[in-house]
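To start, the structure itself, in structure tokens.
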Amino acid sequence: MDEELKRKIEKIYKDTEVEFPERNRMVVKTKKASTLSILEFLKKEGFRQLKAISCVDWIKEGEFELIYHLAPLNSPLHVMVKIRIERKNAETETILKIFENAKVYEREIYELFGIEFKGNPDLSPLFLENWHDLPPFRKDFDTRKYVKKTFDEIPSVEDRNERT
Amino acid sequence: MDRKNILKWLKEPGKMGHKYSLWAVYFCTGCGIIEIPPTITSQWDAERFGVIPVATPRQANLFMITGYVSVKTLKAIIRTYEQMPEPKYTVAFGSCPINGGMYWDSYNTIKHIDKYIPIDGWIAGCMPRPEAIFIGVTKLWMMIDKGAATGYIRYRKNYKFYRRNQEKLFGKLPWPPLYPVDEKENKNG
Amino acid sequence: MVIKIIEFIFSPFLAFIIGVFFLGLFRKIVARIHQRYGPPIIQPLLDVIKLFHQKGFSHGALFDLGLILSLAGSIVVVLFIPFGGICPLKSSGGLLVILYTMLFLPLGIALSGGEGANPNISIGISRKLILCLGYEVPFLLILLSTMSFYRTISIVDIVNSQKNFHWTLFSPLFLSGIAYFMILPAMLGMRPFDIVSAPQEISSGPAVEYGGKYLGLFHIQHSFSIFIMIALFVDLFLGGGENIFYFFLKMLTIFFIMVLIHSVFPRLRLEQALRYLWKWPTIFAFLGVIISKVVR
Amino acid sequence: MRELELYFGPQHPGMVGNFSITLKVEGDRILEAIPNPGYLHRGFEKLMELRNWVQNFPFVCRINVIEPDSMEAVYAMAVEKLANIQIPERAKYIRTIVLELGRLASHLFGAWAYANMLGFDTPAQWAMADRDHILDLFEELTGGRVYHIYILPGGVRRDLPDGFEEKVMHFLHALASKLPDYNETFFENRIFYERAKDIGKIKKEEAIEWAATGQVLRATGIKHDIRKIEPYFAYDKVEFDIPTRVDGDAYSRILVIRDEMLESAKIIMQCIEKMPEGKVYERTPNPFKWKIPEGETYVRLESSRGELGLYLVSNGGNTPYRVHFKTPSFNHGLFILPKLLKGASIADVGNIMISLYVVAPEIDR
């Protein structure tokens, strides 16, 4: 079933490469422009559940990599659609129209990586409390330096009155 | 366990009352909460020592900080602590409230909880077992007896420093200070 | 005259002792059903002692007055209810006066709760008043049936006319006795009707803002209300014993059955509780009224 | 009617982990529910990038407090796939037993949380007491009550202590004998049926569209279980079936959990019989110098709350380059819960939340 799916995708979308890194896993590398159409196509092919959206920060190549995990209901095949975005002002189209439950994943990635999802109505902060620093999951944010700067500066409360 | 010692009840009913009816706020602040249900249910049963979870901070006099504290939870902890009526005791579970524990390099967890609110008792263990919780409760009894469980008095005396630490972390706090803080001394404090 | 004064002082004190003993027994029996030891019987007393040594927060004069009003109302009702031969205010009015002063309990809490700013309180109070509405309808019909059956409104006459074992429960009025038994959990605020102080839904409803001595007064008022509801049932339907010991024995059995019901059921939602209260208990109470008219 | 803003906040009795929902309430109806997570966020995926492969094991089981074994197992599977280590046969069976015991403990904890939220103390206390027997078994096997750090890359840390199988069988028979009175008091209780029927109803298409997994999906009639679709460890060598219900409301979800408990007991018994002899641990290189070849993998397993996935990327270094956990409660709690709460009554907020088995530490990681 996977081979004829691979031929079908490569016939329709020219700029994608499809590989099978391991049993039951299919990777579709594609450009940012054709993500919506590929996801639409895969959804019709039976991959009806968007399991998750992961994001990897390749700081050396200066790119973010977004991975859309799709899975059907009754077959072990698991599809990972990968796109690359450059790191500077990273932004991409939202996929709310195809998978409504992407709203929550996009909100998390916006907060932790700083990728702007155009079209997502609700990108308000999710986990962090009035955060003014770099998005924390980026490779160039050093959490140990941040800890020294914020938490270790606060002096402990010496009990000046009675030295017990 | 001098619960049946009538003489002590007549001499100092307040102290004995607080010892044998510790009502804990039902607030799971961290991962230690997984050991609270077994402690309050039939296998370990904390109710025979008079420790029951109550719904609101107003009714409670024991505050158990179970496990690590994240920045957002600290705001809720400070509000809950300040709403509790006066003789109140706090017990911190595990190594994370002491010095950040396993999450020492995490950007979102508090490293030393006693910089922000006073803590009376510490229970060691990366999630203390129910027996350790009972030992912590009995140690708290002894401290109440000796009058050493004075976290709330320290909070009232050094409120200026606690409030300054809290504001250093959160910036302007939305709720008014619990005790009057004279602004001028706070400037150069 | 001296006995009267002793009765005046002694009966609320005795009611408080029995109420607190019931609360302690309640926690012990529930613990044993949960297969654990549970606190000592006197634990509620220790809690009240502790609560009076805690500095509570007051939200204005009305906040305190409402609570005191509710406590005073429950003490006054205790004076009217005969138990085991002692009834301080025997001659001045019977069931009707009990009915009025019993309304002070929920209204006092509602008055004092109104001051607290916590939204949980307003939801809790609306639940409490709706639940009171729920069980007042069958309760009035039951009192109507007993009054018309015995042709008197004085509760002492009802108790005296039930001498040597022909209790109203075995008389043709047993339907309204069953109806009273069905609404008793709602009146005591025990499960499946503890919608008012549901800790998991509205974090203990009207008692959210009570701390320290206010909570102590609330617990005392709760113990008085438990005593009143069960004592009224025993007086009307089980012939209210010759001396205090028989009376206490009957109350204990009723309370024990209530605790068993409490520990076996989860909590109903408010509309489900009302649907239940206005269905079977009201039908039985209504039949009771008809029977009391037909039989006499 | 005046519109009220109510906080089903972090400080709430009966709440599993702290997770706050702001409810816009009118009278008894909820107009809108906005979940507000983040109270337990420790930035696990950031911290795991600073620790080497084996150092992450005591770290990774602390993500989810209620079922730490599933976290360890999914991380071990990913590391073994990247470093292509084949674990011995006996270790597969032991891992299956540990996972199923963890599932039983997690379901009993769920039963406590659900019964406690409905104010139903008796079965809640019994369920928690039975769960404690499982923790004693774990303590004997791994030394820790809740966090076991027992599943390591290359197998399991140590073999079963002698006499362990009899203790497990004894516990399973004791639990099986208790199930009838759980049924009478809890699952088939008349008022519990009234309270849980038609609450938080999800249709079949909605469940698929919203990417629901685990018992939320199975309660709507779809036989979806990762243990059957993509069997791992020893799940292909044991027979068990997947319980499903049809009408997808809170009551059928709890019934699916009840039947799953029976299935887990069956699996454990079969594993104990079929377990071969042999070593339990495949030697792995020195943790400080262990460099896993470059690559990426997505592994998944069926945890007690739904499908738990892990996307692991390694750039050939000593520490993982990127770790991303796909936890079931993230989707159930932040996306499905507000949809179900709209229009529900205040009394059912906890009811719906715990029937979806939303666990706060899993959402924030």
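Order of writing sets the labels: A, B, C and D. Residues in every chain begin at 1.
Just so we're on the same page, a residue touches a chain if its C-beta (ideal position, glycine included) is under 8 Å from a C-beta of that chain, and two chains touch if they have at least 3 such contacts.
Remember, predicted model here, so these are calculated numbers, not experimental data.
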Contact-pair count is greater, between A-B and B-D, for B-D
Per the C-alpha means, the centres of subunit B and subunit D lie apart by a whole-Å value of 30
Distance in whole angstrom between the CA centres of subunit A and subunit C is 59
When centres are defined as mean Cα positions, the distance from subunit A to subunit B in whole Å is 39
Whole-angstrom distance, CA centroid of subunit C to CA centroid of subunit D, is 44
Among all residues of subunit C, those touching at least two other chains are 34-36, 199, 203
The positions of subunit D in contact with two or more other chains are 12-14, 38, 41, 43, 46-47, 50, 125-126, 129, 364
Residue ranges of subunit B touching at least 2 other chains are 26, 41-43, 54-55, 72, 105-108
Per the touch criterion, the pairs are A-B, A-D, B-C, B-D, C-D
In their shared complex, subunit D is touched by residues of subunit C numbered 30, 33-36, 119-120, 122-123, 191-192, 194-195, 198-203, 263-270, 272
Subunit C contacts subunit B in the complex at 27, 31, 34-40, 43, 46-47, 49-57, 199, 203-204, 207-212, 215
In the complex, subunit D touches subunit B at residues 9-18, 38-43, 46-47, 50, 58-59, 62, 65-66, 109, 112, 124-126, 128-129, 131-132, 135, 145-147, 361, 364
Given the complex, residues on subunit D that touch subunit C span 4-6, 12-14, 25, 28, 115-122, 125-126, 129, 185, 189, 191-192, 194-195, 345-350
Given the complex, residues on subunit D that touch subunit A span 37-38, 41, 43, 45-47, 50, 81, 208-211, 213, 222, 224, 229-230, 295-298, 300, 307, 309, 311, 313, 321-322, 324, 326, 330-331, 334-335, 364
